[in-house]
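Shared between the two complexes below is chain A, which pairs with chain B and chain C, respectively.
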Partner chain A sequence: MQKVSKLTIFLFLLPALLIFSLYMVAPIPLSAFYSFFRWKGFGERVFVGLSNWVELIGDGIFHKALFNNFKLVFLSLFGQLPIALALAILLAKKTRITDILKTIYFVPLLMSSVAVATLWSNIYDPNFGLLNMFLQTIGFENLFIDYLGNPKLALYSVIVAINWRYIPFYMILFLAAIKNIPDELYEASRVDGASKWENFRYITLPLLRPTIINASVLSLVGSLKFFDIVYVLTGGGPNNASELMATYMYKNAFNSLRMGYGSTIALALFIIAFTFSIIFMKVTKKGAK
Partner chain B sequence: MKKSLSLVVTVSMFLVILLSVSAIAQEEIVLWDITTEAESELPVIQDAIARFEADNPEYTIRHVPTSNDDYKTKLQVAMGANNEPDIFMSWGGGPLKEYVDAGKVMDMTKALKQDDWIERFVPAGLEIARFDGNYYAVPITGMRAVLMFYRTDIFEEVGVEIPETYEDFKDVIVQLKDAGYIPLSLANKNRWTGSMYYMYLVDRIGGKEAFLNAANRNGGSFASEAFVRAGEVIQELVDLGAFPPGVNGLDEDQGQSRQLLYADRAAMYLMGDWAYGLIKNENPAMLENFSFFRFPVFEDGKGDPSNLVGSPGGNMYSVAKSSEHQEAAIEFLKYLSDETAAKQLVDLGNLAPFRGVEEYLDDPFMIDIYNALNNANYVQLYYDQYLPPQIAQAHLDTIQGLFGKTMTPEEAAQMVEEEAQKYFNEQ
Partner chain C sequence: MSKTAKIIVILLAGIWLLITLYPFIFMLQTSMKTNMEYFTTSVWAFPENISLDNYLTAMNSGFIRFYLNSLFVTITSLVIIIISASMAAYMIAKIDFKLSNSVFSFFLAGMMIPIHITLIPVYRMTQTMGLYDKLTGLIGPYVAFSLPISIFILTGFIAEIPRELEEAAYIDGANIFQIFTKIIFPLIKPAVSTVAIYNLVLLWNEFIYALVLISNPDKWNLTLGLWNFQGQYGTNVPMVMTGVMLSVLPLLLFYIFLQEKVIKGMTAGAVKG
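Right, the complex of A and B next:
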């Protein structure tokens, strides 16, 4: 391979680096800066010291949103990933049916989040929706489930939609990793008389470990900063029952014109997501040794 | 060799970007509003632009429409970056005042007084863009009234009459309920929909002063009796089973409220008069089964029965203080509010807020709405347009709590009042 000069590498990376710094890196210190102000997003900025942070610490809705985010993290890690792994293993064998199923299962990922949310809001429609209609047809005539309007249910209904959308992503990730496991390993274990379960437990799972860890980090960070499907499906309602940190941040910054407080939430979100991913990666690295 | 090649490529890439940026700079007036393809008023805007450009060839107008909710965010961000367009749209009231206070909006008073342009507009329409005696926007599209739509055939079948008072109203609700109908269709995911009930109730119970005194801090309070009572009445209606099950999860933007009406499941629907256009569009065959009445009165209430919730002007257009083409922008707004535009708007079913617009009305439904607005002694502008966004948001946040009974009327009223105190203390 021909040696490429550092300058060339730098020049080719420069456009991406500029965009990345401008839109991803620069806003972080900027948000930190704004979090010390009372500001509408335009006009005069009033320095208020730590009062936004004091408010955040005592803000019941933020606590609720944070708790909801952790519920989402938990249900994504232990919902999305195992289902995705199971599907990947089932679909790893190459037959005509698995090819068709692979394509079908991949569809949710191809749709934009807003389309997915609109689709699910039609499924959940309590009066004419697919789900309640189906339940009524199979004999539960008096069953009326209010999926999005019931504050106890709303978050879980949204999480089901989120999982439906993201399972295919992890499925593809696992599928690719499984394909990379050399067949010789399975052949050798067959000679040793290993069962299917033992194959999975002692070959597939250990070799998937790095992929599972990567998927978990993606899922963790993605769940902590999740926004779109919740925003469209419930808007964080009813009464903040399905509020997440990101939707609460948006509401404050853009609906209430409290850009300073919105920035405070944004930075808190960043710190939380950052800390948790570092901890997670440290812990999993230790386990590998 | 390799090195110089990559350098050439990079440099030429930057050149292309630079050139395309400089190509845009011309005598251009940028216009931002929400009339996307989905809005019926789009042809009126486009026609006004064409007529203006034909008469003023030195200018071109770049019309950038953005859908409603995105528009608010987009405008806010542009204002924050000192990058606002020459002409922008708003709905007047509290949000526009924020921009005025930040020194972003041109004072149009002088332009309006010149050649009596001010006489063109219905005064109440201009009023929602008047702060400290100066005007900052002109109303272009429809006067709006929130009305109680109902299915005439269902009313006939059940044998109920249009209720005048709240007691009659409750009676109608009970009878409709007994006949198996959902009395009041409502989709409250959006919250401004449920807010319509709250605004009417506060007005009917406490009169227009209850809100005005609280909002303008003239000794009133959002925790005063009228607001608490309004919450209690909403929860009384909830207990009567007046609203559809799952009301807080239904989405108005997806028409889940109107589906209940079309499917003969629900009988009444409190909504802005635009519902007429929507029904006409979605279900023309059923249009004749719909009519409307005014929100019932409370016998012991202070509200004037003619009062309406609504808006005396819909889309309002302002000129940015930073614009280099202020005169041309004003000139364009004159095209947008002239006779031709007025006629086009009325033909689209839009009650343009211009004087003399009644001459063009021929649709009986629109005449009814026009008369209701004309005879109203007071039009209560929607709270979320009148109030500063921070307080409006607190108000909307309580609405689902009231309908879902996760909040008591006192708690809801107190929450808005606390936010109002916080906001005004910071000013």
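Right, the complex of A and C next:
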């Protein structure tokens, strides 16, 4: 093979390395550095040692946000994945109808988070929203549920909107994996007299295992760093009821101009998301043996 | 299949169809109503007249600019992503050098970085570089967070290209730049289209960097524009729904024409970090 000089290699890698290092990698040590300061984002940076970290550990709102993130993780894993899997199985047999269904089911994934949130804020509107109107139409005439204004409901209402948006993604992922399973396996088991359920239990599910694990990791990591639909729909409210780590970080940094504390939250988010995805991957790998 | 199983399947398919489709029907019919009509008639009712007045108003109150801004940022970023990612992927996949694996892992590790940790430093950097409130200021972060997955997809694809093709060109006297532009790049078009579609959907819908790096209404992209539009028209539900429709329409049309490719592109992004 031809000799390629070190300089040529370097020049080919340079644009990607430069942009990636500057915007994705350098910010990590920079955030760590900022977390030791009190700083408005402009003007003087005051060194405060570990006091941001001490504040974070005792910050009730951060605890609440972290707990909400875990609720989101749990309800995404057990809300999105089973429904997505059921829909994928339903679409696995290629017919005209399943083709049309697949096309339509996919559409929410094309919407921006802002569009999804705007739509759902109108679905949830207590007076004129679709959901309450629907409940009234089917007979619950005096029902006025304030889905986003009630602190007990806000987080769950937001999670329903999130699931609506992301189920199509996992559905497509599972569907692609199901289509990769060779037909011969099902034919062989049909000859052996296996039922549909047995096919699913002993062929489809085991072969989907890597995809299910992959999807779980994506869902876990995505839920730990979730931001936009929540930010647009409730802003983390009412009274921090639907606060997540990322919304709390954003509000501290860019609304209250507490850049130092914001960096501390961001770093904590990074460490938590990183640790949990590593643990999750280790555990699922072990289980696979 | 047993009868009950069949009923369950049809029920599930139907319910999910309704849950997915009805919100769009609602948006479409509401966007054609006047505000008065919306509050005085049933939410389920069809509009009295098919009218595109709301669409005209929305287009004139900013959406044309939002489209142009998003288009500029998305296309420019895509071009830079495709060029820089395929150049890097070519080195990683085909050329033996000592740090090849380390460079690859370095990029892949980027998939584990939540963008929130970059927000404050990127905000500061953008200000220092004089790019705050400029559309070009979005391109750096957009390219950076798209690179890991793009390099991953392209490296996998380039690695499959048989060596003989490059060797033949080399013997014919082509240098490495010519091999890259004339041999490799034309061959990786399918992977490039996957990368382009995946990043197009992501960048077109991007919100958080725009929120942090742009405040001037002249520079709002589509998501930022829609966000402010719904704040401005708050209680005018038909107008807000028009805004949502306008924000979804371009990708929806794109999807109608390139359905299988879009679905494939979106799944390609499903790689665990």
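One rule holds in what follows: the second predicted complex is superposed on the first by the 272 of 289 C-alpha atoms of A that agree within 3 Å, B and C clash if a C-alpha of one lies under 4 Å from a C-alpha of the other, contacts with A are read in each partner's own complex, and residues count from 1 in each chain.
As a convention for this text, contacts are C-beta pairs under 8 Å (C-beta built on N, C-alpha and C of every residue); 3 or more make two chains touch, one makes a residue touch a chain.
Note that the coordinates shown come from a computational prediction; the quantities given were computed from them, not determined experimentally.
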Simultaneous placement of chain C and chain B on chain A, clash or fit: clash
Which of chain B and chain C A:254 touches, first, second, both or neither: both
First (chain B), second (chain C), both or neither touched by A:139: neither
Partner chain(s) touched by A:193 [first = chain B, second = chain C, both, neither]: neither
Which superposed partner A:43 touches (first chain B, second chain C, both, neither): first
Chain B versus chain C as contact partner of A:147, first or second or both or neither: first
Contacts of A:240 with chain B and chain C, given as first, second, both or neither: first
Touching partner for A:106 - first (chain B), second (chain C), both, neither: second
When both partners are placed on the shared chain, which of chain B and chain C touches more of chain A: C
Which superposed partner A:58 touches (first chain B, second chain C, both, neither): neither
First (chain B), second (chain C), both or neither touched by A:228: second
Identified clashing stretch of chain B versus chain C [3-11, 129-137, 183-191 or 327-335]: 3-11
Those residues of chain A which chain B touches in one complex and chain C touches in the other: 4, 8, 12, 15, 41, 118, 121-122, 128, 254, 259
Contacting residues of chain C [partner chain A, same complex]: 1, 5, 9, 12-13, 16-17, 19-21, 23-24, 26-27, 38-39, 42-44, 80, 83-85, 87-88, 90-91, 95-97, 103, 107, 110, 112-125, 140-141, 143-145, 147-148, 151, 163, 166-167, 170, 176, 180, 201, 204-205, 207-208, 212, 222-224, 226-227, 230, 237, 240-241, 243-244, 247-248, 251-252, 255, 259, 262-263, 266-267, 270-273
Interface residues, chain A side, partner chain B - complex: 4-5, 7-8, 11-12, 14-15, 38, 40-44, 46, 118, 121-122, 124-128, 144, 146-151, 154, 234-235, 237-240, 251, 254-259
Touching residues (chain side chain B, partner chain A) in the complex: 2-3, 6-7, 10, 13, 72-73, 76-77, 79-80, 95, 98-99, 101-104, 188-191, 244-251, 254, 256, 259-260, 263, 265, 388-390, 393-394, 397, 400-401, 404, 406-407, 426
Interface residues, chain A side, partner chain C - complex: 1-2, 4, 6, 8-9, 12-13, 15-17, 19-20, 22-28, 30-31, 34, 41, 83, 86-87, 90, 101-115, 118-119, 121-123, 128, 130, 133, 137, 164, 168-169, 172-173, 176, 196, 214-215, 217-218, 221, 224-225, 227-228, 232, 246, 249-250, 253-254, 259, 262-263, 266-267, 269-270, 273-274, 277, 281
